[in-house]
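Let me give you the structure first, and then I'll get to my questions.
Note that the chains take the letters A, B and C in the order they are written out, and that residue 1 is the start of every chain.
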Amino acid sequence: MKALFIGGIKSGKSKNAEEYVLKHSKKKPFYLATTEFFDDEMSVKVKKHQTQRGDKFITIEESLQLSKVIKSQDSIILVECVSMWINNMLYHGFSEEDMINQIKELSSRHVDIVFVINDVGCCVVSDNALVRKFVDINGRISQLLASTCQEVYNTVAGINVKIK
Amino acid sequence: MKALFIGGIKSGKSKNAEEYVLKHSKKKPFYLATTEFFDDEMSVKVKKHQTQRGDKFITIEESLQLSKVIKSQDSIILVECVSMWINNMLYHGFSEEDMINQIKELSSRHVDIVFVINDVGCCVVSDNALVRKFVDINGRISQLLASTCQEVYNTVAGINVKIK
Amino acid sequence: MKALFIGGIKSGKSKNAEEYVLKHSKKKPFYLATTEFFDDEMSVKVKKHQTQRGDKFITIEESLQLSKVIKSQDSIILVECVSMWINNMLYHGFSEEDMINQIKELSSRHVDIVFVINDVGCCVVSDNALVRKFVDINGRISQLLASTCQEVYNTVAGINVKIK
């Protein structure tokens, strides 16, 4: 089983994805945190998320090689989040092809994964080339994930709209 | 009864919310205008809105203390819009807690309210700290409102998509 | 028949609109390309799109006077995309009224047209006056198109959500 939660900033996608995973997992699920700590604001945000999660998840931290840490498990793995991972991959010089290959490999494995990704494209095209690149890749990866997941939820104002 | 209309800039959410209120109100409804006149462009915009509304609504103007002006009424109150109110509250130094308390108080009252809020989160994270704060609060207030309203509409290209 | 595909950057709206047109057209459909080549990045992007399309469409290039090139045809015309056309019209000094008149004229013709437009409004209001103007017009044209089309699809992560 693979599912995707997509939504804007503070749309509730992460909270909803966590609830979905806790509801569907028979054993304690895994929380794959992709965030790198670039600054203090991000650290505060992540700490807050960790406190909210409590000990309901087993946390794995990996900001780049998702396919190395996602292995056959008998509980669900929540990837939180794919957009941050794209950001990290870009920052460390990986190509879009590297990212697509990882996602394809993950998609082909017999592992239950719930992906969370930001919807970042409902705005004008940025005048910053790196932002444009990020937005384009994020969109294409969203399409790829949605095409391989059995269930896709678009979260708006905390409400999951099932679109697949 | 409480309802929420959420949508992007010029999605038609306000027009649709007005039509909804006029259709469901037995007496002349109230229009709670939250806009502060920060500049001329905004004044022109508001004047245009007023002309469009004509005398179909009784207009109340309040940019901060919504809970003071929203009292037991036998007709519907349209709050236009919550995002502008969040902006005003931030500008005047109120905290997110102040905002959440007001929203919670409004939600608990036996008054028919239709809220309009902007969807501002489907883009990359801003490099401006105040914008980030606004976007985060706007998202959390959207979730809070959606959880307490009986009906939630996501307006896209003038079309109301009922998501709750 | 008229249909509208609306979605964010790299949401898959163009690809889906192309597939829709190819599926519904009895003869080789027309591809009305509205892009002007302002810079190299755009040229590369357009070349990529052309290669993807191959010879499945008859390409027409017109960046301003859509109503002059869209005439009675016995196959579908794909307008790709309306947002770019709005951008061109603004750049060349045309007014919103000019744009609305063209769209209304197109809508009234007995021609099968599939329109693609960007959803650019789910973000904070820009501090750039021209961007604000573009976003407002794009939103109003979206509403106008959606009101006259028989079918409207909101594309999210490559998935067509039929909203009308």
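Definition applied: a contact is a pair of C-beta atoms (placed from the backbone, for glycine too) under 8 Å apart; a residue touches a chain by one contact, two chains touch by 3 or more.
Bear in mind that the values here come from a model prediction, so they are computed numbers and not experimental data.
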Q: Look at both sides of the chain A and chain B contact and report whether the same residue positions are involved, with over half shared, or different ones.
A: different
Q: For the Cα fit of chain A against chain C, please give the angle of the superposing rotation, nearest 5 degrees.
A: 120
Q | Mean-CA-position distance for chain B and chain A (Å) | A | 31
Q | Multi-partner residues of chain C (at least 2 other chains) | A | 8, 119-123, 135, 161
Q | Interface residues, chain B side, partner chain C - complex | A | 7-12, 41, 119-123, 126, 131, 134-135, 156-159, 161
Q) Mind pulling up the chain B residues that touch chain A in the complex? A) 4, 6, 8, 117, 119-125, 129, 135-136, 138-140, 142-143, 145-147, 152, 154, 161, 163-164
